[in-house]
Amino acid sequence: MTEVIATNETILVVGGGISGMTAALEAAETGKKVVLVEKRPYIGGRVTQLYKYFPKLCHPTCGLEINQRRAKMNPNLTIITMAEVTDIKGEAGNYTATAKIAPRYINDNCTGCGDCGKAVEAEFDDEYNYGMGKRKGAYLPHRMAMPQQYVIDPAIIGTDDAQKAKDACKVNAVDLDMQEETIEFNAGAVVWATGWQPYDANKIQPYGYDRFENVITSVEFERLADPTGPTGGKILRPSDGKEVKNVAFIQCAGSRDKNHLLHCSRICCMASLKQCTYPADDVDISVYYIDIRAIDRFEDFYQKVKAQDNVNFIKSKVASIVKGDDDSPVLHGVDTEGYNRYANQHDLVVLAVGMEPSVDKESFPVDIVINEEGFIEPASENGGIFAAGCSSDALDVNRAAQHATGAALRAVQVINRVAGTEG
Amino acid sequence: MAEEKKMAGFVCTGCGIGERLDAGQLETTATRDGKMNTCVQHDMLCSKEGVQVIRDTIDNDGATHVMIAACSRRAKVEAFNFPEVAMTRANLREGVIWVRPDTDENKETTQEMADDYIRMACAEAKFSTKPSKSGEQELNKTIMVVGGGITGMTAAMEAAAAGYPVQLIEKSGALGGRIAEYYKVLPTRSPYATPQESSIAEMAAAIEADDKITVHLNSTLAQTSGAPGRFSVDVATESGSTSNFTCGAIAQATGFTPFDANKLPEFGYDKSADVVTNHELEALAKAANGGPIKRPSDGKEITSVAFVQNAGQCSDEENKLAYFSGVTDLVSIKQAMYFKELNGDCDTTILFNNLRTPGAAGEDFYRAGQEAMVLFSKGIVSEVVPGDSLTVKFKDMILNEDAEMDCDLVVLAVGMEPNSGPDPYYATEGAGAPQEGEELTDEEKEERAAAANEVSVDSILNLDYRQGTDLPQLKYGFNDSHFICFPYETRRTGIYAAGPVRRPMDIQQARDDAAGATMKAIQAAENAGKGMAAHPRAGDLSYPSFRKEGCTQCKRCTVECPFGAINEDEKRYPLFNEARCRRCGTCMGACPVRVISFENYSIDTVGQQIKNVEIPEEWDEKPRILVLACENDAYPALDQAAMNGVEINPWARVIPVRCLGSVSLSWITDSLNNGYDGIVLMGCQRGEDYQCHFVRGSAMAAERMSKVGDTLQTLNLEPERVVVHEVAITDIERAPKLINDMAETIEKIGMSPFKF
Amino acid sequence: MAKIELSFYPGCSSQTGASSSNYLVSAQTMCEELDITLNEIPDWNCCGASIGYGGGGELPRLTLSARNIALSEEHNAGQEIVATCAACWLSTREAKERLHEDEQMFKDANTALAEGGLRYKGEVGVRHMVEVLIEDIGFDAIKEKVKKPLEGLKIAGYVGCQTNRPFGIAGESFENPQYLDKIVESVGAESIPTFEKKVQCCGGALAFSEPEKSQEMIHGIIEAAYDNGADMIVTPCPLCQANVEIYQDQINETYGTKFDMPVVYYSTLMSVAFGRNAKDAALNGHIIKAKKLEEIANK
Amino acid sequence: MSTNSQKYRNSFLKEVEANVEEGEWVKMCMQCGVCAGSCPLGKHWDHPPQEIFMMIRAGKREEVLTSDSMWMCTSCYNCIARCPRGLPITHIMHGLATYAKRLGLAPKNQPTQGFSQLFWDNLMKKGRVNELKMGLSMYFKDGFAQGVKNAMANQKLGQNMMKAKRMNAMEIMGGHGVKSPGDLAKIIKKAQEIEDGKIQDFS
């Protein structure tokens, strides 16, 4: 049974991605008690699945290492993984939160030694790699996963595999009888940081993501480029494993579009520019865009990529994709800078899919102001609940961390009022 | 140290350690060689029972030093958490059994590896003491906010709302800054459709009414001395009077200055009064107070306006701005709406290249502008021809032709330039940095810095710091963090920039940024009071001290500290400021006479590890390779390699270091003298996009090691024996390979003759 | 199956002696089998199609459709309007939506209609026959009705434009609608879900005014069906049917092809599969005979 | 020719908003070009829709209204389905074409222009389209000789259609229609008047 010691001077942070982690750590390092609830079996969220950050092209795992060390060493911080907040009652300074915790079937004894993973046979699509590649039925979601504990896929519970995992474990960390549990605890303020999800590319019908193997999404491309990804960092075509010599990026795939996401997702332009630096320089790259939204110093990076001889920018929203020779996608459209019609064949097409806020208007646990794009508004009506990061707007990592730090303060203000420390 | 040491060792036999290694022998090694008073085995040390065993030894047997031989220091951190003792860990799992094949012929070397790691951990423990708060400063909750614009005002209010007293410094005679001059501002709530009144007046009133906030108008900072938790600030007013207060931390929100449009002759700014900047337009709109906006030249009601986007921005030309000032497209849409509101049937045309209106608010507002019949054209403006009616010449990118249009008024969307002080590193990292091959002495560097400060702007903070008066700059004068994950990772602990001085931004962002910076300032004040380090070694209580009698006043430490933490007294002895220090150890690495040390990280804690590795006789054909790995990237990379079962040769002995900048040359020379056959240093990426969270640690290590050549010469050893590598945390295959490469090198060039 | 009664708008091309009279015949046969009663809108007029734009302006065109709806609301009160022709359906539904969202248009249309003593309320639903089949009848029910499965037939489902865009069939995508394939399978034939030209425009009315441009596109459609090994093409749109079928001679001349690809309606397929004879299925109404269908029908 | 004082001003845009079907949408285009790329007759357009929208903003009144591009629209609705800003492009194209025709600026002998008029006149006669007459009048639109040629060219087609009972020679005698074409004419005439009344003069 999970024990959570929390009072109305505790800050509840929902979501353990870069924003949630930042908010939680900043508050905890200011001496506040924090409970962090994360849906995945590990903290870090989507940035753990990115290969590099723009514009520095540094590795997200570097910052993750520091944040995880901060988290491990901080006594003020309690992390609950595989859990979702299902209900929040009360008002600023006095909330009662309900969280549902899914069974991990592995307890804290786990040393991350990996014996159970070796013992289990069943394999599943690896969600960490967006379904490209497989993982075992007992698995460590990724090498940097924190907590460094394995997970047993519910699908093998009741099978011999589950028993194999149990038998293989020398520290009896495997608990096949683990049940879903529901816990309730107090909090004075809530930071909502459930982040975003890639827009469902199947809905962008003209691009045939559901019909053409060699049309993939930008998040999948990150995994392809990552040396620890399914292709060992080689950029290969899904259809035939051939090395990609000619890749196209389609911007605003789902963004700035009343048929999909109304808003501009802000990050996609920079993400694609970044991804232009992944392939070798003998790979031809075409970027199909409406406006390149390189803000601030990102302009430097835009200019740098523009200067690459192998990159070509086309001001055009691609109209449609059809299948060409040996499954190569052919892009149809018009370059609007002087009306040039094209039908360009590429080895691989990357859809720069938009950011859809992971804020479910329908099932949101408490009454809160959510705008038509699905982001949480900075409204006083929200009481002691503060959005952080991509729950509030489409933000890049840097802006998300910045926003989360501010959100942490707003939560601290509530806590301090409760504690009566002001004045 | 008064209390006598009681050393307790613990060997875990879980996770296969017991199967792969002779635990009995490890225990003996710990007690016999490692001089542990006690040493016990446990089959699962991280379990509740195991942890209890350690706890009892501390509580009941009064152990003061604890050596845990188990998994990597990165694993089971929560379990092995005993702040009340000096603790070290021997990495037998990731460091030994996971990187060595489980075969009989490897058994011996694997055991030797493990025994060495035990000896090293014991030595490290022996020479460590438990870090504890220095008491150098107490908690000072006051936050100083510099700048009384929207960012500073927000920061002040946010801090006060959290219960912290505020000293708010404003150069001018009133609060409000630029926003006070604006007619309207961008909408901050959905639907993002119409410009709204700014809340600046209400905010000013609220600050007036808040007894937690003290406002200093017409004031500047004469001097800021001290450190987080004990800053002492002299405030000078225009009238010449000065006052002093102390504060715990600082938020700098000094805003921006609009780009000088006189640098844009092609747009006729200097020739026609009817060519104005976006900032001047705000004044025009305000002056119209509710009526139609009139032309500056002849007061005629304006019926047509052209907005020239990116005027002097996104340019590679000399004395124009290379970057894009975040909001200028949104601002032009907003201002075009002014005309729709005030001038009835007025045509407004926005000539842009890439229209940059990001996010939900941005795209909504773009559509709102189109709804309001603001006309958008992808056009690049080449010239504005003055005249009774101005003619704008541009290339229409869509119709792909040269075009021109006439209008009554032209608005230049110019960018923002940060109001930052002189860059302390102008001469070392900034524009004044030595060019390729240019060698500068410290004196020359200082001269350049001084010269730079002469020509450049006045100081804002007037910090009494050895390394300059103001916040370091990232690029284009912005006081931004270099790190994507950590927007507030400042290089001046306890001082945080917010708003357009950090990055070009709009009001909403600036207000969020103010909250963020205030949060960090509050945190810095609180932690200074606790004697705890700030990010990235957050919570670290260890701090540097030095043996004055040994110091030669060479100033290496004061010059090279990346955080300006060390001042100099009149005798040029270093003055450490604990609360400014980030515990990287760069000073330790810099010190040629080895007088600087931390309680649990010193010349000895590492040096003794090096010494306690058993060096086999030359003819044993068992080389020893010392690996000094940055704890942030290289060491985790090696851990992950171990998880993947990547092999590392059995000669390597890896020691994690806080930063390559903390590596003392003495460690290198000692290990060479002790018969190590090769040395591999692994630090972070250096250069413009450096990854080192201690800024130049990796770079400085490289520079220092370049001088090892002489040492090698005198010992007539081959230069290949010492290598420095940049290693990223993702180099899971590469990091082990670099170590194995060294083994091959030694194969080639032979063993070191210095084995005694 | 519950009896369904609908107010039917046949449209000009389906009249006897007109270009898709065979559509009407087969549709009626199909409806008999499915127990659908079609009550023709008395005195209906042409919808103006899309091409009418060049002659009549916006309001006159909307008023044409408004008149049909008004007549239906008057004489077939309470019955939803159903059309078999894509253009008829589109124009009528478009008119309804436009008049609904634009109050002034609504008034103006009624002012005009008043000249003929009519009043438009616009409260009645406007549907395409295919919607009725999918939503009210369902593929399973269609399967059940099949007496002569169309085994051994490979049929390319050609949806075309106006049955598909801008409204389309609920739950179907614009780029890759599946319902024709499902109908084809329901009647026991083999579908070609990957038929890449299933929503390619045939040129519509421009087949008349710009024959070369249209026939180039039609050629592509037939070629794709041919390459996919189709025995015939099935479509829900009379203009698509006509355009793709009747110009094959001319296309063969222009492109040196030997196309002889039958183009039938879903209602043709169903009539035959439901066991009705060639006449009821109006197979005689095809210029390019659907021999394989005829064989099954005559079995 | 438009003078600088009209270029990149709202004058023509306003005219389009006032007088063209769905014209008020033109200002919402963000020049992504998806319409241009989606049109099945795309390559036959001198100026694709998105470019026409830009020309309207640029004040190129004559160039737009005399263009033959809008007449390329086959009413396939691809552009409408894909436009990220939801512009009813098909209708705007129809609207521009009709407006150009109304002003007498539409290109003469633009076949689709001719045909759409024929179609309309044909349907207005009896309230329903008479395909035979429409066909014939189409063939003969360029005079008798050309008409015979066209007719001969399509003779086989005609015979086939007759064989299939999908064309009826008797239609020439009259054919289908509404009961009272007069009433219908009155209704449509009224509608036409109302619409004409709304046209604003910008010339």
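Residue numbering begins at 1 within each chain, and the chains themselves are lettered A, B, C and D in the order written.
In this text, a residue touches a chain if its C-beta (ideal position, glycine included) is under 8 Å from a C-beta of that chain, and two chains touch if they have at least 3 such contacts.
In this text, all values refer to a predicted model and were calculated from it rather than measured experimentally.
Colleague: So which chain ends up in the middle if you average the CA atoms?
Modeller: Chain nearest the overall C-alpha centroid, as shown: A.
Colleague: With respect to inter-chain C-beta contacts, which pair, A-C or C-D, contains the greater number?
Modeller: When C-D is set beside A-C, the one with more contacts is C-D.
Colleague: Once you find the CA centre of subunit A and the CA centre of subunit D, what distance in Å lies between them?
Modeller: Going by mean C-alpha positions, subunit A sits 50 Å from subunit D.
Colleague: Between subunit C and subunit D, what is the separation of their C-alpha centroids in Å?
Modeller: 22
Colleague: So, what's the distance in Å between the C-alpha centres of subunit C and subunit B?
Modeller: The computed centroid separation for subunit B versus subunit C comes out at 67 Å.
Colleague: Multi-chain contacts only, two chains or more: what residues does subunit A have there?
Modeller: 206, 256, 315, 320, 336, 339
Colleague: Provide the list of subunit C residues touching at least two other chains, using ranges where the numbers run on.
Modeller: 174, in rising order.
Colleague: Which residues belonging to subunit B are in contact with no fewer than two other chains?
Modeller: Residues 378, 398-399 of subunit B touch two or more partner chains.
Colleague: Report the topology of the inter-chain touch graph, choosing from line, ring, star, complete and other.
Modeller: The chain contacts form none of line, ring, star or complete graph.
Colleague: For subunit C, which residues count as touching subunit D in their complex?
Modeller: Its residues touching subunit D are 12-13, 15-22, 43-46, 48-60, 62-64, 67, 108-109, 111-118, 161-162, 165-166, 174, 200-201, 203-206, 208-210, 213-214, 217, 242, 246-247, 249-250, 284-287.
Colleague: Under the stated contact criterion, what part of subunit B meets subunit D in this complex?
Modeller: Subunit B residues touching subunit D: 304, 306, 347, 349, 366-367, 370-371, 373, 375-378, 389, 391, 396, 398-399, 403-406.
Colleague: Can you tell me which positions in subunit A touch subunit D when the two form their complex?
Modeller: 206, 252, 256-260, 290, 315-320, 332-336, 339, 341
Colleague: Please name which positions on subunit D make contact with subunit A in the complex.
Modeller: 30-34, 36-38, 42-43, 47-48, 50-51, 82, 84-86
Colleague: Flag every residue of subunit A that touches subunit C in the complex, lowest number first.
Modeller: For this pair, the touching residues of subunit A are 205-206, 208, 211, 320, 322-323.
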